[in-house]
Structures are given as C-alpha cells and as structure tokens.
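Okay, so chain A shows up in both of these, paired with chain B first and chain C after.
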Partner chain A sequence: MSLGRPVIVRRMLLLSIPLLVVLLAAVYLGMSIGSTGVDLRAVARSLAGGLSDDPTLGTIIWQIRFPRALLAALIGATLSLGGLVFQAILRNPLAEPYILGISGGAAIGAISGILLGLSRFPGVSLTSFAGSMATLLVLMLIAGTRSMVQNNRLLLSGVMVNAFCGAVIMFLISITQDSRLHNIIFWMMGDLSLADMHQVTILGITVLPCFLFIFYLAHAMNVLLLGQEMAQSMGFDVRIIVSLLLVVTSLMVSATVSHCGLVGFVGLVIPHLFRLLLGADHRLLVPACLLGGGAYMVLCDILARTLPSHGEMPAGVVTALIGAPLFIYLLKRTER
Partner chain B sequence: MRKYSPAGHIFLLSLCLSWLLWPALLGARQVVDQLGRRMQIADHPERVIALAPSITEIIFSLHQEHRLVGVTLFSDYPPAARKLPKVGSYVQLDIEKIVSLKPDLCIGIRDGNPIALVRRLESLGIPVYAVNPTDLERVMETVDEIGSLLDSQEQAQRLTAAMHARVQAVKARIAASRSRPRVFFQIGISPIVSAGTHTFINELIQLSGGVNIAAGPVNYPRYTEEEVIRLKPDIIIITSMARGVRFESVKARWLRWKSIPAVRNGRIHLVDSNLVDRPSPRLVDGLEAMARIIHPELFGNPP
Partner chain C sequence: MKPAVEVRKLAYRYGRSPVLQDLSFAIGSGAFFIILGPNGSGKTTLMKILAGHLRPQRGNVFILGKNIRGYSRRQLACRMAYLPQLTRLDFPMSVRDLVLMGRSPHLGMLGLETEEDHRLAENAMRYTNVLPLADRRMDQLSGGEQQRVLIARAICQQPQIVLLDEPTAALDLAHQVAVMDLMERLKQEKNITVVMISHDVNLAAMYADRLLLLKDGGILGIGPPCEVLHHQRLEKAYGCPVLVTESPLGGYLRITPVPRRFRKQAPGAPPADP
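Entry: the complex of A and B
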C-alpha cells in the first residue's frame, strides 16, 4: 500500500510480461503435444502459414488441441482468481472457489441434466449453471447481507450448503443404474476433452469482463485485508465491495464449472503460491493468478492427456499431484 | 429489384442439380443410420473405425477387417483385433487419435458412445454411423446393415441366415419342454446387480426356456442377498464381468444359503460376459451356452 502508482505499474509489467510469455509457451506446447505425438516444428510452420501439405495435422492442431489449450487457460485463470478473491473476502487461507457451495449446486444441476438425458452442450451446461446460481441465491438468503461481512457466518453457511449438496449428489449417483453413471463421473472429475472454439468463445465472453472487474477492485481487496473498520474509515463500503466480489466471482466460477465440470485444486494452490512469492498486494496477485493459473492449468492438462498410455486422467488429479508438493516445498523454504 | 435473365435461371437450376448430384459424382452416398440421422459417406469406405468392441466383432465376422484402421480398448475378439490401433475406450474416445487415423467412416453404438463425442467427431467432418441393436433380431439387422455399408451384403446374409438357423434350433428344442426354471442372472458382485426386461440377458434367458426373476422396467436392478434368498431361484448364473473377482469366491457366498434351490441342486454356473452383453454374432454362442445351463436335459450338460 505504501507503493506509489508508477512503482506498482512498473512492478505489474515486470511480473506480467514474463508470465504472459510462460502462458504463451504453455499454449504453444499444448498445441504441439497430444495423444498422437509431439509436433513442435509443425506448429511453428503452421503459425507461419505453411502446413497445407498435411490437413489432418492441421485439424488436430487447430481444431482439437488449440481450443483445448485455450479452454484450460481460461479455466486455470478463472479458478485461480476465484480462489484468490474468496481467500481475501472470507479472510480464510483455506478458501477456494468451490467453498461456498457453487460446485455442489453446479453438480446437482449437471447430474439432473444428465439424468434427464439432455445433451452435454448447451443442455447440461445450462442446468449446471442454474444449479450453481440457485445455490448462490440460497446462500445469500441464509447469510443475509449483514453477515456477509461477518465472514465466518458466510463461510459456515457455504460449507453447510456444500455438504447438503454432497449428500444429494451421492443420493442421485446411488440411484443411477446405467451408462449415464459414466457421464456423471466424468463430469465430476472435470473433463476438457470436448473443447471446441464455440465453447471457448462463450466462456471467454463470460469470464473476461469478470477478470477486468476484479482487477479494478484489486486495491479494494488490499484494503479489506486491513479489517472492516480500517476499510470503512478509508471510505470503502465493505458490504458493497464484498457482495460485488462474491457475485462476480461466483458467476465466473459457475460458468467455468458448468462447461467443464469440477476441475479441482487449482483454485487453492495457485493463489497461495503467488502470495508466498509476491506478498499480499492484490494489484500484483490478480494478474499473476490469471496468467500463472492459466499456464499452470494448460501444462497440467498436457500431462493429464499424455501420461496415461490410453485415455486420459482428470486434469484435477495432475494439478493436485504437482501443486501440493510444490506448495509445501515453497512453504518450507520461506520458513527458513 | 434485379431481374434474372433466362441464362441466369438455367445457371441456378444447374447449380441446384449439381448440388443434388455431387455425392454420386464424388463416389459418396446418402445413408440414414439407425437413429434416423442422414449422412454422406463414401461409396466404398476403406478406412473404418469401430467405436465399440461389438462393432469390431461384426466387422471381423464379415471378413472386412482389412478396412479397419482403429478399434476401441477392450476390443479383444477375435485376437487379431488386439493388434489394431486403439482410439480410447468406447465411453472415452480419443478424438485426436481418431482424426489422425483419417477414417472415412466411424461406426458407433447408441448404448455406449456418448452423443457429445459423436457430435464432436461430426463437427470435424468425420461421419459416424450409429447403430442401436436392442435385441437379437436387431443385431442381425445391424450385421446386414454394416454388411451393406462395407460392400459385403452376401457375407452378411450368409452370416445372419446361419445365426437365424441356430436360434430357431434352440427355440425348437425348448418348445418340446414345459419346464421353465426360474433364473437369477448376476452381473455385479458388490452390490449384487441383475438384468431387467430390456436387456440381451433377459432375451437370452427367455429364449433358453427360463424365467428371469429380475425382469422389470429397471435395466440393471440392484439386489440384496436377502431378496435373492426370498426369490428362491432354481438357477444362478454369474458372469465374468466383474474383473478381478473370482467365480469360485462369488459362488462360495451363495453356497452359504442352502434354502436356495439353485444352491441345493448345485446349479450355480459361470458364463462369459462377452457372450451375453455384446450385440455381436457371438450372442448366439451365448444363447447356446445359456440353453445348456438352463435345460441340460435337452442340450447336454454345460461344460
């Protein structure tokens, strides 16, 4: 907070440019690596405008791998930023984008959609989005705007809503007795295998304005961390800021989850990672989470679809397998 | 408004006509699959991917395996199918792998391949012909249809005629007996799962002269031991579907309940799940195996 404007802008650029390069490199790798091989040079030629000699490889690079890499980047960015915001407004280091029951509501919506026999897109996406929005509404009614500032009440209500949703999900799964069970389980593990440009465009249009809005409120999040009275005395209306952040973040997380299912763990580890590395200034943390979270997710997705010799594993598995040890290592190092 | 000259009309007309005729000129044809979806496929598909093990079996049984460029995991029959490139499992298809194999036709199955994956393939310009065999009769129709897709109508007709004859032979022998033992067919171990009315298993039990005690609207109903004991099945048939669980250990669980007629009379049998749940020509092998189990007095003892 003591840093002046020009200094912070310079630090933002110094941070964002390398991270953007990392993200672009990750997307490039995502376009180069797939279940049928590694085509680093072919992608370069294709970007330069060549590659008319092999239309199949062109299709694989541009219509299968490229949308998938973009989708992974959007998901990683959204979930990391969602975790960051929830950790700030709930002032709880264990907060993650799913903590307020959005995931549970979305899952109930998606499972209902699958059981009703709706198509994956847009049918299941819509029921899932409706489910998470309904949970958010219920949560806001329970917690009320007053207790939104008393963080523990909001947090506890969210945990309870999530637990209730968890029970409903297990009930629905236990009564499902046919091949739709597969669809449900793939959805719950997070599944990016159906990515196409149409989906990327829709998700992009939804989440990019949310990113800008949260970035705009980055300074306000810094002030929130000083405590309610301090923030009030500095002229910030805590209740409005918290409500706005809560709704916008829930909206973008719901949109992501409804497209790709419950991709896990990115939202917890990435914000903490950058907080360890960069400190508590959200003006730096927001761009870092967006670019770094995006790149991390793209890289994890590459591993998720190439590590098993057949088929794929959920990207959430890789994010946790790499993220948790990495985080513990950094935590130990900063302790010394 | 602009007026078209007669020459313009003729031009437009010929454009329309050529649009209608171009498939024939390009060696393509219009087909309607078993879900009623119309599509354009090659006249003589040369690069075919079978999106389920049953379809692999059908293509091999028509001796058209030279056209197969890819199959799914678990396509284990005939053994030669194991050597073909794998395109993921039938519920989790590897789209990139499929595209890289440059198929001119994929044959998929409604009960298995997720529709979202099928649509994704079609959006990439790969035609997916979907089959939906729901009973033995429809399996034979499916064999005939795949035969006509792959220029092998005669082989298909010979094959289905043989299947038909074998089914009729079983039916004829069963008609001679009036006994209809009550069968409990177990496909899941924990929980215990059986097969309802709308399954191949139910059809095979009926054709083999048995009564499926799990018949009902739920396709794969769950049971407790208590319920099975109460239902007193005359015969218990266990499939090899639950991998890693040995038949002997499942059988031992039932042997604890002497009040079940099947246990008292030693009529607990094992059947290869691939013979009874894959809509392929081997379903008839499954029928004969079941008939031997349910009516050994007519067909000779089961092996």
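Entry: the complex of A and C
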C-alpha cells in the first residue's frame, strides 16, 4: 500500500556515513599514537605495505594498537547502545547499565568466574551474564514493575544495587591474596591494555548480532516512548519487546564487561548528545550511538594511554571523569 | 449492516471483585457512541477490553463482525485506534514524528515511512488543525494542542473505529467543544465509528447518537440521549439529584446537578434529605 522510497533511509545514510568516517579516523589515530609519540605517516605506509624497513613498528601497530582500538570501538558502541535502550525502555534519560548496577552485577559474575579459575570465554562471559541478569531481576523486584516507567525510584534502586555490587566486589578483592589481585583491580576500572585479535573476534561475534537485533526493534522503541497502552494500540506487543530488549542488552553489556571491566557513563554521554542533535527517532539514534559511541571510546582510550607521563591509566577513569559531571548536570536539568 | 462493535455476555473481574457483569450491546457502524457512568462503574475496563488490552474472561467481543480473539495486535491496530487518557511525554518528540507513528501498524517492523505516509500524516495534521505546529516539540504544547496531535495520530492510523478515554478531561471549555466537534466531523466525513468514555454528561447529550450508562458493571440504560438521560435514571447512576431540561439551543437535553441549597425547590428532583 505504500508507494515510493522510505524517507528515513536517506536520513540514516546521511548520518551514518560521516559518523563512520569519524570512527575510522579515530581508529586511525589510535593506531598512530603510542608511547613513542604520534606517527600518522607510519600507519599510512604500513597500510600501503611499505613498512618492511621497520617490522617492530608494524607489529606494534597491527598486533597491539589495532586490536586495542577495535576493542575500544566495540565497547563504546555496546555501552552507548545499552544506555540508549535502557533510557527508551524505562523512559528515563538518566538510565544507563553502569548507573543501574547492571554492569556491577556483571562484574561480580566475572570476578567470581576469574576466582574460580574459569577460562575467559565462555566461562567468565557466562558467569558475567548470569550476574547481570541477576541484578536486573533484583532491580525490577525492588523498583516494582509498575514504577518501571516512573522514574526516580528505579534510579535510586539502581544506585543502591550498584553500591551493593561495589561492596561485594571489594569483599571478593579483599579475600584474594595472590597475583590475580592486580589484574582484577586493573580490569575492573576498564583496562584495554591486554587487547588481542582473538578477544576482539569473540566480543565482535557476541555483540554484532545484538546490534542488528536492537536496530530491528528501533522503531518499536520509538513507539514505546508513547507509553505502553498507546504502543499496544498501534500493534506492538510491549511485554515481549521490552523483555527481548532487556535480555539482549544485558547479554551484550555483560559480554563487554567480562572483557574490559567497568567502564561507566559512556551510555549516558553519547545517547544524550545524539538525542540533542537528532531528536527522538531511534532508527537514527541506534546507528549514531554505535558509530559515535565507538569513536568516543577510542578517543577516551587514547587519552588514557597518553595523559599519564608514566605508563597509562584505565579507560574507565577517563569516561568517568567526563561522564560523572555530565550526569550531575543532567540530573539538575531534569529536576527543574 | 454489521455493527462496528458487538459485545455478548461480557464479564470481567479483578481478583474476586466483579467489574463487568453480563454485558451485551452493539455499536452501529458510523455511530457516535458515548459511555457514561460514575467512577468505578467499569467504563475504563470495558474500553480496555474493546481495545484489546485486556482479554474478556467470559463472553465475546466482535470487532467489525470478527471475534477480537481472532485478530493479531497489528490487524486490530489497522482497524481501530485508541487514545488513552492524556499522559505527558518525557522525551522531546516532534509533532510530525508522533503523528507519523500512526502509520506503524500498516508498515513493517522498522516502520520505514514513504512519501505517501508523510502525505497522510500531513493531511491528518491539517484535519485537526495542528499542521502549523508540525515541527514543534510535544512538550512545548498546551494540553488542548497535545490532544489534537494525538487525534491526528489516530486519524493517520486510518482506522474504522476510534476509541477515546475521556479526551476532554483536562481541557478548557473551548478545547472541549473543539475536540468534540472534531470527532463529530470524523464520524460524518470519514464515517468512522467513535466510541468515547466521558464524565461530562452535557457534552455527551450534545454529541452522542447513542449513550451507554453503566453502573456497577451493568447496563443502566442504552439508547439515544433523549431516552437514556432521564432524571431518575441519572440519579440512580450518580447518586446525586439532577435537573433535566431542554437546552436553550434546542434539540438536546441539558443536565444540571442540583446543589444542596436548591434541592427543595427543584421540580422533578427528590426531597433534599431522603
């Protein structure tokens, strides 16, 4: 019954292509910057296959910096999208996996997995997923399904769940004596320094189908903004859509957490920025958050690598330093 | 001609307390049908069942001649639009985007609207006189404007039936009449069946072709306003003495609730303290 070309597709392309360029530029920059300084031309020469004179630099670029930039991009994309989905489902612009404690639950699961001596994949990923689902369940029980849509009760419950998760993590750390301790602490704060292609592949295989699935439900998320009754009267089964979104989002967030630890506030900064720029249409916001969030995280990781004069700091520190003040600003604004 | 909505021996209860009991009635195609009744009489439950949000526990509901259980949500949405009571939107969304969402049931999962869909949305906005607001944000509009936008959304859905739950509740006099006029036009020009819950007996008397008066989940009266709006029946329904007179505009009834200090003089009203 519909004639002509969908109007929205053109807008999606007009938006995605520049953002993809930004993402690629960020990855390129990530590959160029290291402890030896910035060398933009080396990557270009290496891409052209002309780096045979310096095989060490080639190895550093392709074995260390490239997987790290890719991992950062995947993490940023996942966390931004996770924030976007939670904000749409809960109809609260302040919702985010980290603030709601979902990431914390995943971290408890992951640390338990590490302490049990499980392999990173699939062992730790599974315990991490179990942890995030458990927190989601607890959160919904505390907040009550009725107040899912209204707001601050859920947010407060999330803050409490997050605090509790923090305490459990500290407890787990305090009973750990051996060399795993340093690893756990660094991992927890969002450490990307151990990235390799194998890890990137596994995470990619886990989260890319989730991205596609969530994009498929992007228009359903638009309609959800109108409230449950109106969404149902437009032919959407709200209960099924919300459950699917919650499970898929928790799955991809916990997969990310099990690989890189706790990186906070990305899911707040990026969706908010794009909502200001693009409005409320999730068919634009989903690709924007994926590409823009990926680029943002790559840049944060570059800062984490270059800011300290000795060594580096976890990327989660950078995202929190930027994100926490913004969260307070948003909270002030919504109070009005 | 098949009725737009037919309800047969419908019953519904929340837990152990019955809300609707053995309801049977039909709404003719192209009618302006208004459901009246005091708070807690089961109006909203009835409307939620008609809209497909609640499943009838006993009895059957037929929409356009087909049992409501036989429709998928999407099929139902292509035939019937529903406006719940006015709620505020937390997210800034443009009027145009919201109205365009009315196309969703006719499109695929991603809701990829074509030029044609945009044109339908513009027509709907023109119809409810909100086209000048198309690029404004919903949270910047007044209650009356928001309601007209939501009605445009319903029109854009191209339904045969529109269900409305107290669409005039939060509006001032002018906007109340504007919304009711709009629904009347919709019925006359597009032959859409309008089913509405209202607390405003006078608006109902002015606009409805048929009224349903509910009390404790049962039918107290059904038919044209001049038959249903009898003062004894209204007093039984609302538990408050009323005066029913001819409106000075002529052609329909006017209902005046009688304040305590007038109850002795009011003709046709029972004594003040029974």
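The rule we apply is simple: the second predicted complex is superposed on the first by the 252 of 336 C-alpha atoms of A that agree within 3 Å, B and C clash if a C-alpha of one lies under 4 Å from a C-alpha of the other, contacts with A are read in each partner's own complex, and residues count from 1 in each chain.
In the analysis below, contacts are C-beta pairs under 8 Å (C-beta built on N, C-alpha and C of every residue); 3 or more make two chains touch, one makes a residue touch a chain.
From a predicted model like this one, the values you see are computed outputs, not experimental measurements.
*Asks:* Between chain B (first) and chain C (second), which, if any, makes contact with A:L194: first, second, both or neither?
*Replies:* Once the two structures are laid over each other on A, A:L194 reaches chain B alone.
*Asks:* Touching A:N92 in the superposition: chain B (first), chain C (second), both, neither?
*Replies:* In the superposition, A:N92 touches chain C alone.
*Asks:* Please work out whether A:T176 is in contact with chain B alone, chain C alone, both, or neither, and reply first, second, both or neither.
*Replies:* It touches nothing on chain B or chain C.
*Asks:* Touch check for A:T306: first (chain B), second (chain C), both, or neither?
*Replies:* Once the two structures are laid over each other on A, A:T306 reaches no partner at all.
*Asks:* Contact-wise, after the overlay, does A:I60 reach chain B, chain C, both or neither (first, second, both, neither)?
*Replies:* first
*Asks:* By the touch definition at the top of the document, which applies to A:D281: first (chain B), second (chain C), both, or neither?
*Replies:* Second partner only.
*Asks:* Could you let me know whether more residues of chain A are touched by chain B or by chain C?
*Replies:* Comparing chain B with chain C, the partner touching more chain A residues is C.
*Asks:* Give one of first, second, both or neither to describe whether A:M234 is in contact with chain B, with chain C, with both, or with none.
*Replies:* second
*Asks:* Output the chain A positions appearing in both contact lists, the one against chain B and the one against chain C.
*Replies:* Overlap of chain B and chain C footprints on chain A: empty.
*Asks:* Give every residue of chain A touching chain B within the complex, in rising order.
*Replies:* Within the complex, chain A touches chain B at residues 34-36, 56-57, 59-60, 63-65, 119-121, 177-179, 182-183, 186, 193-194, 196, 310-312.
*Asks:* Please give the residue numbers of chain C that touch chain A in the complex, ascending.
*Replies:* Touching chain A from chain C are residues 51-53, 72-78, 80-84, 87, 89-94, 97-98, 101-102, 104-107, 109-118, 157, 163.
*Asks:* Which positions of chain A touch chain C when the two form their complex?
*Replies:* So the residues of chain A touching chain C come out as 1-9, 91-93, 151, 216-220, 222-223, 225-227, 229-230, 232-237, 275, 279-281, 283.
*Asks:* Show which residues of chain B lie in contact with chain A when the two form their complex.
*Replies:* For chain B paired with chain A, touching residues are 73, 86, 88-89, 91-92, 94-97, 99-100, 102, 111-112, 114-117, 119-120, 123-125, 193, 218-222.
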